[in-house]
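Lettered A, B and C in written order, each chain numbered from 1.
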Amino acid sequence: MPQMGVSVAEGTIVSWAKQIGDRVQADETICEISTDKIDTEVPAPVTGIVAAILVEVDTTVDVGAVLARIAPAHPQDDAPVSGATGGSGSRAPTPAFAAPAGPPAPPAPPATAGPPATAGPPAPAVPTPPATPTPEDAPDSGAPHANGVPARRYSPVVQRIAAEHGIDLGSVPGTGRGGRVRKQDVLAFVEAPPEAPMHIESPYRPDPAPAAGSGQLSRMRRQIGAHMKRSLETAAHCTTWIEVDMTRVQAARARLGVTALSYVAGAVIAALREHPQLNATLEGERYTQHSDINLGIAVSLGEDGLIVPVIQRAHELSVEGLASRIRDIAGRARSRQLTPDEVRGGTFTITNPGQYGSIMATPIINQPQVAILDLEAIVKRPVVVTDGDGNDSIAIRSMTILGLSWDHRALDGALSAQFLGSVKRGLENV
Amino acid sequence: MATMTYLQAISSALRDELRADERVFVMGEDIGVFGGAFKVTDGLFEEFGPDRIMDTPLAESAIVGTAIGAAVVGMRPVCEMQFSDFISCGFDQLVNVAAKMHYRQGLAVPITVRLPSGGGFSGGPFHSQNPEAWFMHSPGIKVLAPSTAEDAKGLLHSAIRDPNPVCFMEHKHLYRRIKGEVPEGIYETPMTARIARPGSDLVVIAYGAMVHVALEATEDVDGASIEVLDLRSLVPLDVEAILDSVARCSKVVVVDEANSTCAAGAQVTALIAERAFEDLDGPVVRVATPDIPIPFSPPLEQAVLPSVERVREACRELLAY
Amino acid sequence: MATETAEPAVGPAAHLELQDRTYLLRAMLLMRGIEERAMSLYRQGKVPGSFYDGFGQEAVSAGPAFAMAPEDRLCILHRDLAAHLIRGVTPVRILAQYMGRNAGITRGRDGNVHFGDHRLGCVGMVSMLPDMMLVATGMAMAFKLRGERRCALTWFGDGSTSRGDFHEAMNWAGVQRLPVIFVLENNQYAYSTPLEKQFAVDPVERAAAYGFVGVTVDGNDVEAMFEATRAARERAIAGRGPTLLEAVTMRMHGHAAHDDMKYVPKEQVELWRKRDPIDRQDNRLRELGVDVDTLRAEVHAEIDAATEHALASPMPDPDDVTTDVFAVGEADPLGDGHAPWSGFSRATVS
């Protein structure tokens, strides 16, 4: 079981892509595993024949446990170990790659089923968009993702614009038929990407409405739950709030076409520079300050749960750089394309549930870090402002509340308050 | 500038060319004393006489064939087909003799064949056709299809002054329905497309009478910004203008009054598929006449010709895609 | 109007000097020699496509073409090679044309006899043979509109008389009394179809129906063909309208190289072989003391040289294949051709 993050202790086999006797190439997927940080495929370390599978599907084992054994393959061993061979060098069709038993896939439907659009009033004016795969198609169509989410199809222009701007189309809301992402949708996203829906699930948040299917919690839910519970049991949680005037940030972010989160991340990084005590991990009694700021950003995966991809060496990035990295990792988090390296090594985490209008939360620290910052909704409020001459007046300002949960084992309230003050100053003087 | 109907603009171009160039003469059936079936040449006989406004025998192959002969010895004949449908009888001369002449032996054939085309008035199967694609498929022939009075005159000047065989598709239904400002004197309209109305959400590509259908259909489709591109010339086809519109709008409706299969719009659609795939945000949608002869009875004819409603619905559907 | 059989009042050579009569033989010898050479090149695989010739019909093109002035215009058909030679197309260009080479008249864009050198006043034929009757009619129409003393001439076959364009051209030319000469090359067969399956009335009779003169001529007598055409041209430029000349001849080879002519009775071929137009002119000139053997040797040498030259000339460049579909700039009309008949130079002098 590979180590999929500093704090990962165990992993669960989700499925085996190879069976005993199958030939496997180095780097070819041999199995899929799930850990509390990431679900991922495990590539075979060597080329050979699967000689033994030691951990069954749905079994959880410790990091480092042996999952399977691969016997080295020699050219003359091309044929499957267990298969009847036709003799040295003769290569029988490898059962491992044979399609699952079942009826052959039906031929693809003709491009224009029915009368052409041009054939007069009885025909529909617009060809129907490519039909979703019929159940008969499904086994071979490959349309659903491995995680069961149906693949979205994008028009050429949408794909091109997305590629040009490094946009993950999964995060672009579609307004076309059936939620299709249209050109104007992706252009609007380029203009002003919506606040990424990023937040850490908290036990204090109202429970989400029960989905259609109630029952056993998903593996990810169970893992998140265990992780959060362990954090609450481990850390001496304390939460401090500060009110911040985001008016300048709002103006600046509109100018740059980036999210407020990017500015908050920038201000947090500057504040961590000032107060490196918060850029740290505490494992047992071992407290470590880190020189690199590896910034975790909590990303919601909807009903599936959440994940915290990490922007490595975030202190080297500008606000625009942060914005682009956040877009990138959030997009790939949603399309399940994060690599193990991108979810490990975090030194501080930001969560951002404010998009739903909430104004305060008490986030749970992402272990083994020592603090987590929570960005809530930015709302306009009447605020007393003081001008350079000391005159007070009431103004409409864009305000937010930043909450910092911190581990009283590692630091004290004064330091957290100073840290929040630094963040506030940074944001108010953009 | 003068206000003219589409028909008057064509007539004006003929008159101006006859006055300007003694090599120009007009030949066709019933075009002289009678002034033509649609009165396009009305009054020309009186001014230019029977040699230059020549009433011919009822023989379309002969009209085109003798025009070719006259052209290669230095004349600039303008042939009138009484209806574009009748060009089928002169087809061989046009596509085998005229079209291939320059490619084969470097001999230019400067003839203009005027083809009153299109339906919408119960002309039936032999007086309503849009045969432009026949000629698009015959290399060596230029094919023009104006939609406005200004372009009708300017493109006819361009056609007559071009050293090649030119099929001038003049739409019968526009003759007296379309009026517009027309510049004074002789001017040559380039054989390129024209943006009839700029837009950014969707482009309707059309030519001839369908430009007006497209403009009316897209005046207001749920507030969308819809471009109308008037091709004006089918050969040469303004590839750059088409690709430019597609790049900006990304959604395309192509309208043909002609029968759908292998129509000009089919070529435009193929071009977009080949050259503008990366710009598309939805399927290219075609609105055309189904592959049937044009029926006579008004409800039947109206059912098959692309209507304002069909074009609008196609745009609405595609916008929502 | 009546049809007539051409009977030159003052003998076949009334308008021909000895040099003209020799020139006519030379043109026919060149035609036959080039076509025989081309057939041999065809069998060697050097001429692509198919190959058509006018073996036995040389007088039908040589005589009328010789009667044409430089400013006249011709639409020449596929068994009329002598007309091209008389107008000034060189043998090397013809052989290069057969072989699809760049030096051919169409630069490889069209094959075999599908050509016309527009600089020499000729419009290349198309395969829909009577089409050119309308083109010739149109040229004559332009001459008449402009008040020019010129005429147009075209050839077509017995098969062409069945097509509408034959009728449309004859009718139009008759209606407008145009200076055009239609040479009906009656060579007994349209591909394999004999005359009795082509028409119920001798087509020369039809001229009267269109309002002009129809003349039947011995198509294997080059001087008779010349004289009949000369007279037709006189009528044309005098404003007396078109003429239909029916040249009665025989296609002595198959329709094309692949055609073994099984459908033609052997006796018919043998009968016509005795009427060979070249032999007849050869005999005439020998009787007049012309050194025909030297003439034949000269022609032979000319063809040898042209063949060598044509074989050495390059094939066309495929990179250029898409050019010149359209003309650009001002259209150049047809130019004037050669007109070697001494009658024209005499006219110029006088």
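As a convention for this text, contacts are C-beta pairs under 8 Å (C-beta built on N, C-alpha and C of every residue); 3 or more make two chains touch, one makes a residue touch a chain.
Since we're looking at a predicted model, the values are computed, not measured.
*Asks:* What is the minimum number of touch steps required to go from subunit A to subunit C?
*Replies:* Counted as steps through touching chains, the separation is 2.
*Asks:* Greatest Cα-centroid separation from subunit B: which chain?
*Replies:* Greatest centre separation from subunit B goes to chain A.
*Asks:* Could you tell me which chain's Cα centre is nearest to the average position of every protein Cα atom shown?
*Replies:* The most central chain here turns out to be B.
*Asks:* If you tally contacting C-beta pairs, which comes out ahead, B-C or A-B? Let me know.
*Replies:* Of A-B and B-C, more C-beta pairs in contact link B-C.
*Asks:* What's the distance between the Cα centroids of subunit A and subunit C, rounded to whole Å?
*Replies:* Going by mean C-alpha positions, subunit A sits 85 Å from subunit C.
*Asks:* With chain centres defined as C-alpha means, what is the inter-centre distance between subunit A and subunit B in Å?
*Replies:* Taking the mean C-alpha position of each chain, the two centres sit 57 Å apart.
*Asks:* Could you state the distance in Å from the CA-based centre of subunit B to that of subunit C?
*Replies:* About 40 Å separates the centre of subunit B from that of subunit C.
*Asks:* Do you know which subunit A residues sit against two or more other chains?
*Replies:* Residues of subunit A touching two or more partner chains: there are none.
*Asks:* Using the touch definition up top, name the residues of subunit B that touch subunit A in the complex.
*Replies:* Interface residues on the subunit B side: 201, 250-251, 256, 260, 277-283, 285-291, 303-304, 310, 313-314, 317-318, 320-321.
*Asks:* Sort out for me which residues of subunit B touch subunit C in the complex.
*Replies:* It comes out as residues 25, 51, 56-57, 59, 61-62, 64-75, 77, 92-93, 96-97, 100-110, 139-140, 142, 163-164.
*Asks:* Which part of subunit C faces subunit B closely enough to touch in the complex?
*Replies:* Going by the criterion above, the answer is residues 73, 105-106, 109-110, 114-118, 123-124, 126-128, 131-143, 145, 152, 164-165, 168-169, 171-172, 175, 324-334.
*Asks:* Show which residues of subunit A lie in contact with subunit B when the two form their complex.
*Replies:* It comes out as residues 116-121, 124-127, 129, 155-158, 160, 176-177, 180, 182-184.
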